[in-house]
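The first chain written gets the first letter, and so on, giving A, B, C, D and E; residue counts start at 1 in each chain.
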Amino acid sequence: MIDWKLVLEVIGILIYATFMGFIFMGIERKAMARIQRRVGPPIYQPIIDTLKLLGKKESVSHGFIYDFGPVFAMGASIAALLFIPIANFQLFSSNADLIVVAYLLEIPMLGIMLGAMSSGNPYSALGVQRGLLTMVAMQLPYGLALIALIQHWGTFKLSEIVALQQTQGWSILVPALFVAMIVFDIVFQAMLGLEPFDIVSAPAEISMGPMVEYGGKHAALLFTQHAIQLFAETAFFAVLFLGGASNLLELLIKQIAVLFIAIFVASIYPRFTIDQAAKFFWKWPTILGIIAVLLTV
Amino acid sequence: MTNIEVPKELREEAKQHDMYLHPIDKDTYELFFGPQHMATENFSIILKMDGNRIERAIVNPGFLHRGFEKLAEQRPYFTNIALILRICVPESDVPENIYSMAVDEIVGWEVPERAQWIRTVVLEMARMSAWMFWIMGFGNEIGLYTAGQWAAAYRERFMRLFEELTGGRVYHIYTVPGGVRRDIPGDKWLRQLRDTVEYLKGKMKDFDEILFDNYIMFERTEGVGVMDRKFALKHAVTGPNLRATGVPYDVRKDDPYLYYPELEFEVPVLKEGDSLARVLVRRYEMEQDLYILEQLLDMGPPSGPYMVKDARLKALPRFKPPKGDAYAHVESTKGDFGVYVVSDGTHKPYRAHFRGPSQSHGVTVLEELLKGARLADVPVILKTLDNCPPDIDR
Amino acid sequence: MINELMIILFAPLIAGVVAWALDIKGIREAIGIIGAAIPLAYLVKLYPTIIENPIDYSITVSGFTLQFQLNTMSWYFAAVASLVGLAMAFGMAVTSRESYDWLFALMSFTGVLGVFLSQDFVGFFLLWELMTFASFMMVLRRNRHESLKYFVLSVIGAYAMLIAIGMLYAKTGALDFASIRQVLYMDAAMGTITTRETAIIFGLFLTAFGVKAGAVPLHVWAPGAYSETDQSYTAFFSGALSKAGAYGFLLLYILMGYKLYAAFGTFHNHLTFAYIIAWIGAITVVVASFLAVLQEDIRKLFAYSSVGQVGYILLAFGLGSTLGFAGGLFHVLSHAIFKGLFWLVTAAIILQTGKTQFKDMGGLAEKMPFTFAMGLIAVLSLAGIPPMAGFASKWLIYEAAISAHMPLVAGAIFLGSALAFAYVVRFLYAVWFGQRPSDLEDVKEAPLPLLIAMALLAIPNLVFGVAPGLVTQYINKILGGEVVGGDYYKLVTPTGTYNALLVTIALVIGLAIAGLVYIYGAKTRKIPVTNTYQSGNPVTEEFNLSIRRNFYKPLAEALEFWLKYSWDRFYERVAGMAEDFADSLRQAFYNGNVQSYSWYLAIVLLILALWGVL
Amino acid sequence: MSEMKEMRNENDGVISYELQEFKLFEPLFKWARKKSLWIVAFCTGCGGIEMPPLATARYDFERFGIMPNPAPRMGDLFLITGYVTPKTLKRIIITYEMMQDPKYILAHGSCPINGGVYWDSYNVVKQLDKYIPIDVAIAGCMPRAEAVMDGIMEIMRKIEDGTADGWKRYRENYEYYRKNQDELFGEGWREKDARRWLAWI
Amino acid sequence: MDMNEKKVEEKVENAQPVEETRPELPDTKEGRLVREIVEKAPYAEGSVRRERRVEFRVPAERIHEFLELASEKFEMLMQISTVDWLKEKEFELVYQLWSVSEGIHAFVRTRIPRDDAKLPTVMDIWPVAETYEREAHEFFGIIFEGNPRLGPFILEPREYEKHPLRKDFNTIGYVKVIYGEDFDRYDESKTNYVI
């Protein structure tokens, strides 16, 4: 009855994704450090950080939701990962399509927000406000980019999108989808919480925003969640625009390429304020998105 | 004008500390901004917020108060140098210099040419390293860490030069009344300084590309924290902040000291008065400072002693200047930095009163500019005013 | 023998009248609940029957024959309405203080059921008006101004409908749906009714149903009316009454679809008239959601949210594809259950705290844990978190919109759903979390009937979320075809799949893994809000540490330009102008001078005479 | 006033909680703690000026996993950068108590040790160790960046052999520290200090 | 802050008679400026110290009037320095003015008795004076009438009440009381402090 092969695949991919996600975080820090002409931390540093946070001997809480938030966020990230076709491992991806995955990738945000809000700290609340407004702002261009993609390939299923790309060439080779890719890439900065859209954490303004109250194991959970999310999002990008991958190595190369673009953009731009970000998202990315969408109707 | 009228009874009660005041005004909330915060140094602002807009800001300084002025009254004149330079950490040469200049004036010393030249070089180097520090602070606060990291690394070049010249990285204890403590290490040092200046000149282009021409930097600063000329004068705004409102006031030009009368340089002035203007004025000043350093190096150090010849300098702890008082000020990167020294003829100053530029920038001006600003503007305003909390606290 | 349909239809009304007449505390509540439960019970009982064939019933009243039919579609709508109605009755058992409320609430229940069951325009219109009247009376009790707004717009809608019905009757000579449909179908080919007349009829119906559904720009009554009534009743008002408008749009398709297609043709491969409906829906979604985000009153927030969610339904119907209908119909259900739940939660909050403004609330999660849990379910469902009913329906609408090649409309859904995220989180933050004002220290959990009502609506949210196939398979029956495939847990459309059970399992797996990590960590201890990061400063509870007002001020600033324009203000200006005009008319003409009246008469006669001559 | 009392109790009981003992993975966590010291971003004195060089190209402490972080809950290492005034010390204590065990304090410069140049100042705390436990102190004014690095290395070494036990000392001798704090600031200083602002906002 | 409430008692005998003999003013821009101002304000006593430094002595009760007049020429108030002349039992307040247009620094000196240190605020002329006055109030206990924010500013309430920059404030003694005695620094003979 139980499909043991699938179970093994799920466990394997989860471990791989978590590990690689941490490595991606390490790459991010290392690459930033190199751009800043520093040596930078070892590439496995995020793993150490997470272990240390988990190894804190005390822990504080503001009630059930505060504990539930990070757990929920990480759970949703794992769930989202299971529905993305990771290279030749399809996992559950035939059971849910792009819209479901896009939604599942947004839930962790809600989890973090829930927990952050329940602490009652004004800095967290400001972070929540900014996080949600960033989401509101980016959702329109994000949606348009996805719509353009779906319209072009005529299917919602990620596995089919990958298959079509492997026969007909990558999405970015299609002019309209290239435009969509640019839009998606701008939105991607916001999804990863990097400059110029790291408005949510903004250390100099609101001291990490939603993360400010988290410590110890809660923060460890959120770091793990971030790692999985990072892996899932880069994989999502690769699947949507870079033709997916036939094996993990190919996927890894594509993911790292995506990551590097994000890092390069992040290291040369300062941060927007939240209203500027909203106005920005509703201007150029939206116009580009509409162009992409109209080109693919 | 900040007009925070709190009913007297309420203040009395607050002083008694045993009242129960429930937040009556639920429209706003309180945000404690600093001191344990990345944007402020050890400095606190209490913000009364409405959404993301600031309705009222109350500055709470004093975290760095060490009673310098009291301590200076308890120490001999020359020992004080080692103390008062700690007022302004990023530019520790400025307090040394003004204090020495004031004492020079009280005693009536004519500082030797060479010492003046060295003092000018040191001040300009301090300015340049403070600019690098400012770029770092500003970059970090608007989220552009790369520029900040680069700038902090370039600052290290000056730190190394300072170390060679004075023996200290941050606190130099170098300029003393009557001259400087040591001579220049040698021509090699001058060559290194010239190399550094050349190097930084090339690097200014990098900063232009990444920071000063950055579209988002413009977005963040344009129209934020605007003050006009009249406001600036009434609030004793000095330095680049004043020049950004259209007043070409620079102590180096208007009240020249040391070697500055012999130097050619421009005073950049913009008239918008917003954060962007303040940023750009600073940008132009960096160029001017490099140019000044270049000129100084071209002139070369004048020959002669680096310290006045005076019998009183034999026994420094018992050094007694005549009765009198003097006010000396220099142009620091943050503005007009002054000191008022009163001597009653004993070996300790009777009073040394420092005037840091942030005393005006960091309290009334900040409170005014923050009214109606967004929370995200707070670090921008703080950093474009170049607020330095120890100036206020001392 | 009394037909089941009549029992379904009139049981609430009779119960309401009895409750009103008896007016004994305790008994009137019991009667009301029983009256509200009867329709649901009968509908459940009749379910096997109507699957096979519809039940018809007709009565003749003074020459008019009123026809009622319980077919698959009306059963669906009626069942949704009855479910919310029952929850409403439970809720009203504690929130309502007077028998007046019972009378009109149950009267409007009857009206709604009647609208869904009617098969001719006489009954439809009468019961529509009954529903409007009863709900108007509910609002009138609380707030005169808002009720007036509602009344004026309803009257406009009613007149529009009356004229449209009249025109249809004039053209087709029939009032029952079946014959109208037949005639219009024939007429589509012949074209005796001109395009202009069709357009007028269409426009009038659009106005009539748009008012009830609260489509932009006719939504202005909704925020006021939804918030200025008993909140338990609003669960029904927004959950079921607004569906009457949506039902009306569906009726347009059934009756006039082919004719409209013939008259207007297509626009970029879309039915033109449907395209209009879709865009009305899309605009409603975006505008109402933006406004909901910026509200400071809990009732206003959900009122605008209701408007926006009904916009989704219109949008789905406007797509014109069967998938769109499926999505819209599913959303009728899910909106009814999650928004009904929201309003009941609101009712509980308002009942227990007596506050409606967000700035007066906070930190209630500890005081009302069950209500909070219910509120959380509603939030998850509305925000479209899989696996909740709200997600399944939204997912269908997404699929439909994108595969119908209406990209900009689909973009509106994306924006709308992000906005929905934003406003529900605002609700969560302001009401449940943060600092608790000291006057809310002794708030208690909501009373039992209200909790039952909430549970009644919360369970379907979960059940239909995990097993959306239950609904879609029934919708397939309504639409007469395999529109949405799959089984109970899995939805399959031609282009996409959504396996709710698997998503649930994946989430559970994820939560389990995260939970294990959590449990491995150090034991937590609870700390108060004063022991949080305040930049190192000591604080006490006396400080206000929650953002109570203007939470989304940055958004308001980004939208500054658009927020200058308001339909509400526009109407008020129009009303003011009308008033001024009327005033000047009164002053000019009705000046009390008999001589001038005779002059008017003479002029009118002259004009009539000339008209006759020319 | 009930919540007032609650709060006071909470602050009093700031150390009366259970500590988690990780049996199996303790060595791993110990290693991780050593390799990942996050500094609470609190520039308490003039030593803060040496933080940027430490974080940037010249010294780059991120090589060792050290990173400034504004959130005290995530912090491990509290760098007391220089002299401490009573006004700052209040904030230091609040922030320190907010950090989660295990946590370490590195006192930077002469001033926290004995007052340094400010030994006769009325507003500088003379011996910080009386108020909060210090793990490693670096002498000098201003200590060079290398000295700070050395101090951090010392902390790492102490974490490894388990002698960086300031947080344990704080728990065990809480009465002593509390007494000293109250002597310096007066009883109930948290509320008093907080309420100073009530009239102004 | 409660000192605000104290009534101001103007003491007529404190008003110093206007000096008859004035030192000669040089014919430089500084001299011309001083002459111009002194002509308008005969109660003040002006002199030129050196290039770009001028000095005025003004009786305390007319200080506001004088500064209002001076603010036309001197746009900026750089600082209000207070010197505590313990022997004379007086506070000397030095208003440091700077004229941007002329490039001249002016000391405006006034003296007030230590035991009744009150002055009108100049916030209405230079809003920035608020800070300076708060500071002077905090460290010396001078009351500036009309400044609403006098009170603990930089210091904590305990030190604020002591006004630590007054000459009669014993720092070492205070430090010993507050922070304990074990920090003392004596030289070998235990007689002198080592600084």
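Rule of thumb we're sticking to: a contact is a pair of C-beta atoms (placed from the backbone, for glycine too) under 8 Å apart; a residue touches a chain by one contact, two chains touch by 3 or more.
Since the model is a prediction, treat every value here as computed from it, not as a measurement.
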item: Partner chains shared by chain C and chain D (touch criterion as defined above); value: A, B
item: If a chain touches chain B and chain D alike, it appears here; value: A, C, E
item: Chain pair showing more contacts of the two, A-D and A-C; value: A-C
item: Chain whose average C-alpha position is farthest from chain D's own; value: C
item: Chain of greatest Cα-centre distance to chain B; value: C
item: Most central chain, judged by mean C-alpha position against the global CA mean; value: A
item: Geometric centre distance via CA averages, chain E-chain C, whole Å; value: 72
item: Rounded Å distance, chain B centre to chain C centre (Cα mean); value: 63
item: Intercentroid distance (Cα basis), chain E paired with chain D, Å; value: 40
item: Mean-CA-position distance for chain B and chain A (Å); value: 43
item: Residues within chain E bordering two or more other chains; value: 155-157, 164, 169, 171, 195
item: Residue numbers of chain D (touch at least two other chains); value: 4, 17-20, 41-42, 56-57, 70-73, 87, 91, 95, 120-123, 191, 195-198, 201
item: Contacts with 2+ other chains: residues of chain B; value: 4, 6, 11, 20-21, 29-30, 35-38, 49, 52, 62, 65, 67, 70-71, 74, 149-150, 153, 374
item: Touching pairs among all chains present in the structure; value: A-B, A-C, A-D, B-C, B-D, B-E, C-D, D-E
item: Residue ranges of chain B in contact with chain A within the complex; value: 29-31, 37-39, 49, 52, 139-146, 149-150, 153, 210-211, 214, 216-217, 219-220, 374-379
item: Chain A partner contacts - residues on chain D that touch it in the complex; value: 17-22, 25-26, 28-33, 35-36, 38, 41, 56-57, 60, 62-65, 67, 69-74, 76, 99-102
item: Chain C - residues contacting chain A, complex; value: 268, 293, 363, 365-366, 383-386, 391, 395, 398-399, 402, 405, 407-408, 410-411, 413-415, 417-419, 421-422, 425-426, 428-429, 432-435, 490, 493, 495-499, 502-503, 506-515, 517-518, 520-527, 529, 531-535, 545-547, 551-552, 554-555, 557-558
item: Interfacial residue positions of chain B with respect to chain D in the complex; value: 4, 6, 10-11, 13-14, 17, 19-21, 30, 35-38, 41-42, 46, 48, 56, 58, 60, 62-67, 70-71, 74, 82-83, 86, 89-90, 133, 136, 148-150, 152-153, 155-156, 159, 169-171, 390
item: Partner chain C, residues of chain A touching it in the complex; value: 10, 14, 54, 56-63, 65, 67, 70-79, 82-83, 92, 94-100, 103-104, 106-107, 110, 113-114, 117-126, 128-130, 132-133, 135-140, 142-144, 146-148, 150-151, 154-157, 207, 212-213, 216-218, 220-221, 224-225, 273-275, 278-279, 282, 289-290, 293-294, 296-297
